[in-house]
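In this document, chain identifiers A, B and C correspond to the written order of the chains, with residue numbering beginning at 1 in each.
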């Protein structure tokens, strides 16, 4: 499995983050000055890392945030004390709103491609993590938020939120590897219907079709994740990881083989006039909603 | 996707239908003189086409009827006003009894091959339709009737009927692409068992395993389909179609690559002495049942 | 389908069983002197063969027992009177405990490879059986016992037992074809979770996820299997077999293509120091449990 090599694509973005070089100036956004939008806490006693997304207003995934996520995931994977990772949100009522639409609207092409590559890398890393991964879904989790949740080993969600790949509702299409992860989670029929309709499932519906695994009250999501982790820690880690890799590898390898093709497809689709117009109208409606 | 080219196989059959030429005389059956066995009504206000099968006694699929179905499906797909298609039956208590067994018994080989090719084309077209397709299953739906239903985007069925791929009960075998559509609808385990046993599921059983999506009283099947259509029309059509194509394409391409092989396999299997004898006995039993 | 050729691998083991040659002496275990560990009864009236495993204490699958199983399966498949096979256990409370761990601990490499090849052959044969196969699971059925059960066409189980691929709990990994059969039985999500956690499902849980098909009281398991068989016998055998083959062939062919690779992988994994140490500790714990 060539997962090791996929981080190379992060090069430019990392330089953006770390150095104030000419490369940096091609980036339009900077990570929040006063501290990271990600809180990563590793409890060396329990071996559990908690990664909490804290990027107001809605934990939307832009290039810089995805880059931070990648760095954090790599940190966890390389930390031999970490046996498990819980992903959650520090923003009330939102797990993650998914991809940042402003990355796609009137984009700089180089950055657009880098954005997509960094998203691919994040998913490849997360879906293939050796340690146990649990999504503690304490808020709405549409689109990219749903992708992140589905890529974990287990999903615990609070009531009265929604989760799903709702891309079609915005006139865009979830890439094949979003669809593949959903196929692996809820099967063909549910995926086909959910992707066409862009369904956002309420917590209970998500449980019924197997999109999530457990529902607990909002205030217990994190502790339930901690507790669930113990069940996974009882299994010899090496054997558990191999079992996971064996099953998830074909899905990951499919994207590894088509990374550049997928970037080109995304770039060409998103820069179509009709799609740009549609995204523009959507962004306008968001602005008006806030007023 | 090479769906566009698959209609070429319809050539001969269409000539049969349209011209009284020498080619025509090689066909043994003619479409009912007094009007078509298919009613196609397009409501330009709602954008919904209703295709109602009206070929007594049981909407069985012979070469001419399949050809008519193909022409109708193409008409709908090319009509820019059509955003959705509802397939239903005008025959009481029968959606479609499936393939016409008389096509397979003591067949003319050229016609037999043309029959199978036209069935392939019908499925490729229906499973890949860009517009939203809903099966309004207002009667029994065995074998080919089940295939047609499963190939739609959504299935609404009246109570007290049956649906399933029951081919083995007649001593024949559903081709691999019938099986593939069932795999996509209800998963491997249910498909494996249903295909081996030739199970005809009662309406409620079909709902339980996900073979259909909704049950409504007989008199409400069509209006429920009209209403369901509205849910699908809310989604931007272009994105919805791409999502559908992305998921269904591999299944369609599998047949496209093996069309001729599949025709040859069907021809060789169905013309075996043992199968012919078994079909003869079955047809005899049908005759006696009618007496 | 090249199933015919896969029996060649049994050569050496059969010589072990049949002749007291030099080859024999390389085998460390002998089949129980006083009669076979397998009871095979064919009822020529009903066409049903009952294969009952009777190898105390727990029907564990070692080289000799697997060889006997292969011979029995071949006998049934070649017996034209046999239309169905029921696999069950004569040992109270145990269907089969799965692979004999002593085959894997401090192994003779030749025998280890032969052991694995014979297991592969057993599965290829059982999963591809032309006749109807029903598992009458009248006791616990972990690991290899679960594989045998899943490879049948139908599973009837008594209450208060457990079934599952629990390999990871022992620090070993179910091979890809164990996983493939589970994927075909309960789908990706359940398989992924069950394999990572090494879940042993209680009878009712197994029914809920579709790992088994029916639950009946302990004393009715065998008669329920006999009765269920009648439902399958009603279907023309030739068509039923073809339907089964068409669906299961890709899974079988995947292993056929990778048999030697899979043997090498197993050999290299199991002979690792860490795995040997872990198996040693497990065997020690079993000994202590018996005291």
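Observations, loosely collected:
As a working rule, a residue touches a chain if its C-beta (ideal position, glycine included) is under 8 Å from a C-beta of that chain, and two chains touch if they have at least 3 such contacts.
Just so it is clear, the structure is predicted and the values come from calculations on it, not from any experiment.
Homomeric contact subunit A/subunit C is classed as different-residue, with under half of its interface positions used by both copies.
The rotation relating subunit A to subunit B, fitted on Cα atoms, amounts to 120°, rounded to the nearest 5. Here the spacing of subunit A and subunit C, counted between their Cα centres, is 40 Å. Along subunit C, residues 187 each make contact with two or more other chains.
Across the complex, subunit B meets subunit C through its residues 167-174, 176, 179, 187-189, 191-193, 195-198, 274, 278. Residue ranges of subunit A in contact with subunit C, taken from their complex: 153-154, 183-187, 210, 231-232, 235-236, 238-240, 242-244, 246-248.
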